[in-house]
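Please see the structure below; I have some questions.
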Amino acid sequence: MTEMNFAEAMIDGLCVALDSDPSVSIIGRGISGHGAEAAADKRLAPYGDRVLDPPTSEAAVAMLALGASMSGLRMFLHFGTGVFAFEAWNQVVNEAANARYMSGGRLKSPVTFCMFHGLRNGGGPQHSASSQAMYANSPGLEVVMPASPADAKGLALTAIRSDNATVMLVHPSLLSLRADVPAGDYAVPFGQAAVRREGRDVTIVAFSRQVTEALKAAEILAKEGIDAEVLDPRTLVPLDEASILASVRKTGRLVVADETPVHYGCASEIAALVAEKGFGSLKAPVARVARPHTPVPFSPGMEAFLTPDAAKIADAVRRTLAA
Amino acid sequence: MTEMNFAEAMIDGLCVALDSDPSVSIIGRGISGHGAEAAADKRLAPYGDRVLDPPTSEAAVAMLALGASMSGLRMFLHFGTGVFAFEAWNQVVNEAANARYMSGGRLKSPVTFCMFHGLRNGGGPQHSASSQAMYANSPGLEVVMPASPADAKGLALTAIRSDNATVMLVHPSLLSLRADVPAGDYAVPFGQAAVRREGRDVTIVAFSRQVTEALKAAEILAKEGIDAEVLDPRTLVPLDEASILASVRKTGRLVVADETPVHYGCASEIAALVAEKGFGSLKAPVARVARPHTPVPFSPGMEAFLTPDAAKIADAVRRTLAA
Amino acid sequence: MADAAQGTVAPRKEDRLNKQERLALLECMLRIRRFEEGVIHLAMTPEYEYVGRQHLYIGAEGAGAGACLALGKDDLAHTTHRNHGYLVARGSDRMRMFAEILGRADGTNLGRGGSWHICDPDVGFRSTSAMVGGSIALAVGSAYALQKQKSKAISVAHFGDGTLDEGIGYEALNIASLFKLPVLFMCENNSKPGQRPSSMLAAKHLSHVPAALDMPTKAVNGADVEAVHLAAKEAVDHVRSGKGPYFLQADLERWPGSHQVHAAFPTGVTDISLAWDEGKIEGKNADWTRTYDPIRLYAKKLLGENAVTRDELTALDRKVADETDKLRATAVKSPFPPADAAAKQFA
Amino acid sequence: MADAAQGTVAPRKEDRLNKQERLALLECMLRIRRFEEGVIHLAMTPEYEYVGRQHLYIGAEGAGAGACLALGKDDLAHTTHRNHGYLVARGSDRMRMFAEILGRADGTNLGRGGSWHICDPDVGFRSTSAMVGGSIALAVGSAYALQKQKSKAISVAHFGDGTLDEGIGYEALNIASLFKLPVLFMCENNSKPGQRPSSMLAAKHLSHVPAALDMPTKAVNGADVEAVHLAAKEAVDHVRSGKGPYFLQADLERWPGSHQVHAAFPTGVTDISLAWDEGKIEGKNADWTRTYDPIRLYAKKLLGENAVTRDELTALDRKVADETDKLRATAVKSPFPPADAAAKQFA
């Protein structure tokens, strides 16, 4: 265990992958973002031409990564801001997602598409998208969202070693988050949720940065005598349905904290899962704390108004318990 | 009222738009598909250069339509198969969706992006996508799905006349559907669901082609003494939440029939809506009848296995009533 | 995009090819032709429950055979929706191809891909994309892998002129040239004025686009299998030697039947005797058969040069037709996969 | 993409420009420069609660002023993330621009867009896209509308060399050429070897790409405002006369401060006296100031030709600086919009 920030942990995972397998190759720059954490990228310099700085041609670069993955390399491609990956949409959700399946399993597609998502204080209408629900609605893709430094390392490693196309979404405001990270070869299996906090009264399922907000909310609520359980699914596809249902069976109440636009987003999937398979254990209406369904304005106050946070999560929990 | 098929009705709507407003301009070919109904397109020929056959450059063509819409034209662009629009993803969900809002309302973006979606008997892994949930998760877009000839005309007309970017998804297997269509200038307002069949025992919310399947299921169930209500939201964004909630208040039971992949899809949104705002009236678990979460195989039997239909909807209703 | 592109046609050095090589080219073209006629038969015979649409390679055999026979067995390829010809040319199991086109359990892709996505890594084929612009960019990816692996093999992108309408086609050409990747861009241009062309380029010649990206280009007559083959050999040598990508364009006259399932030959199916008995050429597609059918033209040429006899031609064609029929007959016996085999998310 | 592109620099016909026109060019550049210095001031003053990142136009004033002053009032434009210069040049309300950059209620976009998306239809600006490849394709769309409307106005796409990395940039050029749309492609090339360039093109010259698509192209020195202006006038005439699109490239030396918020001038902010008092030029960016600062170079040139006096220059600069300061001072008083104003899905 060493303490490091999220960006360092993710780069650490990439280095383990590079060191343990000569077929691993990376494309991208600014993997650690543009803030104080950007320095973490320096660790990749020694790998020379195994790390490519690509032209601004997202579609062809995504296909380069996919094609190379079919022909013997394990590719990790970082797009930068997630909206840039919209230029490679067909290439990720229609080419990469289908490649292995439609070959009858004769091809492998060990490619990871990584990107930043979310509201980031001034990103404005065109740089603030959280597109994880869209990827998760594209069969054939594995979709993962680390919320801690350890998971940043462990999920990146598992993604790179998976023979399926995987999409990994990182919230830039998590890059500076510090915590202990297991040293060496540490891989986190897909499809296993993490209980971030145990509780009896309500289940808060939270994704990505909202895990941090949910934990803050839980502290606030604890002072009011409300004991919240915080669950981090970590991977959207495959989703650990069993753990979510088990938690709701215990608490009888569900609040989902997520940054995708509220309609047709990730929170809706969790709510639907429980309404379908956990209905019997529900004592109150499900509550979604997500991004209101509107484009993202630049002005900071308006952006904050749209951003899910601890206070909004706590309010939703109180409403759920009052119901 | 004249009886015509879905393709003819849609083209009729386009002709009304073209005749009533000289600023209306169309891009695309094969709007009526490639089957027996394709002939309907012939009605567009007399409009000359107001109908453009574009190069295979979806991204730039989508932006051409958007840019032209900002500068005085009302654009209707048909992409053909929906996956082709994946090549214009950034242009539709990040440029068109945000354009009007981020200008502070100083620009209008009267552009309609139309396409075919869905399982179509042999489309295979790369031509069978139903991406309506993804568009509906992109704030700033209006998303509509006509399920009848009259709505094909009426929603197309409303979409063309809307000052917002609108995505219209058509299921090719609906093109041959015949029914009465109001003559002349007939526009269907967005955000108003249609009750296709009244019933007391269960609410079936169905989209696009699944409306037809839901009605078939209702007939089967009627013979068993089950009285199903079939609701067609017609527009995903804006969504007529009130009508859905009112129906469930009456029946206490909800089954959603939809062709998007089941996880993070349209059925999940309807289930979540009711679990959040209609929980009190629910007597049984919600059921989603949707596309299993897997790529689409070419082989007809396997494809059929994945396709939601009347029998699967009827089974879900029986399970819901048994619960 | 009507005219042939810049770059001169490869010097015709027939002497470079011995009889065996020339017969190999002819047989390869016949294999493709008879295979596609087999597909037409399957599509038109209700009992086989054929669904979907296929894009036939008939008329392009000169380009496919000429290019594929210039490749080594380790070379990788990515193809488009119109892929049958390349797979047949490189020796993919035709029985499994027929089965795949029918969505049967013995298909190359277990019935999951169908005509548009036939995949056969055993003969160098990676993913086949039905998205215009798909194969060219995937091929650049395989070339990237080969470069990193310091392999002597090269990657080939088979695609049509429509790929140059798509921005990704341009991006792929640029990246290949930028990083000197070992990829051969094999473009088949079948757009002609009058027809609704499959590309709408403002460029006077297709090859002006790769040329602007600092890449060697050449255009040849796709109906002349030897011209294509010799040019392809030069191109392959260039790429294999590490000099970077090469853009080879074969100009084709689209077979009138290339959109329909229905065969459109004067005699219903190909009749090799039209190579010497031209009086028999008739029907609404007689012009195409007379002027552009690459098989008839090559057979006629070989006869004219006394490189083969009519009997040899007839025997060769019969052999190919018979083996194709047998393989097709086996394929139709293959069962459909169990429906619930669909319920798999990945491999 | 280092070198200047093909096409010769426009013949320098100074005599074509009278004193008034020349001073207009200089004043326009000064307006842009002083505006951007104002943005730096806002970004560096905590009390204004500035967030986000802006891309400053400093160093490119020659290209922006030269091109924009060649346009008519009805001409339409689409711009990129680096858009301030064009809006200032065409007379957008600078107070509202400052307010927008701060996300205030009086902003051009009501604070919803910020620096990257400033929109002002009153002076011809349609949507400003921060996606590389956005403005070029939108401008083709506006040109399509103008063509259908049989308008005499033209559409202008302002974009950087990075746009040619994106396939959509190529698609947009092709479509404009294909349909002879009235659009001027105004490309600012600031990629230089050594720097991490903003484009990675295999083409020897940027303009080889539009040239391959059968479009006239020209390259000029972007630090020479008159060269840009004269070339832009020719290009605009070509496009307005219905001959189709034109690709004009201005080659620029990137201002060393173009990525940072912090000003990077020897004297902190622009000092017009450096035009005659070169001894004062110092600091780590002295080279840029001496050789590439388009404002200093033009002021020096006008002095050298006795077209203006030092006093006139000083007065002009002071006037612009003062008016800019006043507008900025008004903008910072604008309130933030009410937070819940965000909860709107459309306009």
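Order of writing sets the labels: A, B, C and D. Residues in every chain begin at 1.
What we mean here is this: contacts are C-beta pairs under 8 Å (C-beta built on N, C-alpha and C of every residue); 3 or more make two chains touch, one makes a residue touch a chain.
Worth saying up front: this structure is predicted, and the values here are computed from it rather than measured.
Q: Using the touch rule from the top, work out which pair, A-D or B-D, shares more C-beta pairs.
A: Answer to which pair has more contacts is B-D.
Q: Quick one: which chain's Cα centre is the longest way from subunit B's?
A: For subunit B, the chain whose C-alpha mean is farthest off is D.
Q: On a C-alpha centroid basis, what's the spacing between subunit A and subunit D, in Å?
A: Spacing between the chain centres: roughly 38 Å.
Q: How many angstrom between the C-alpha centroids of subunit D and subunit B?
A: The separation of the two C-alpha centroids amounts to 42 Å.
Q: In whole angstrom, what separates the CA-based centres of subunit A and subunit B?
A: 29
Q: Could you give the separation in Å between the centres of subunit C and subunit D, each centre being the mean of its C-alpha atoms?
A: About 49 Å separates the centre of subunit C from that of subunit D.
Q: What parts of subunit B, by residue number, touch at least two of the other chains?
A: 54-55, 57, 59-60, 83, 87, 90, 94-95, 101-102, 124-126, 139-140, 293-295, 297-298 - these are the residues of subunit B that touch more than one other chain.
Q: Mark out which residues of subunit C touch at least two other chains, giving numbers and ranges.
A: 107, 109, 111-113, 117, 129, 131, 133, 165-168, 171, 174, 178, 200-201, 344-345, in rising order.
Q: Which residues of subunit C touch subunit B once you look at their complex with the stated criterion?
A: 49, 51-53, 103-104, 107, 109, 111-114, 116-117, 129-133, 162, 165-168, 196, 198-201, 336-345
Q: Where on subunit A does subunit C make contact in their complex?
A: Interface residues on the subunit A side: 25, 49-50, 54-55, 57, 59-61, 63-73, 90-91, 94-95, 99-108, 139-140, 163-164.
Q: Enumerate the contact residues on subunit A facing subunit B in the complex.
A: 59, 83, 86-87, 89-90, 93-95, 97-98, 101-102, 124-126, 129, 133-134, 136-140, 236-237, 239, 260-261, 263-269, 271-277, 279-280, 282, 284-288, 293-295, 297-298
Q: Any idea which subunit A residues touch subunit D in the complex?
A: Per the stated touch rule, the residues are 53-60, 83-84, 87, 121-127, 292-295, 297-306.
Q: Once bound in the complex, which stretches of subunit C touch subunit D?
A: 165-171, 173-174, 177-178, 200-204, 208-209, 211-215
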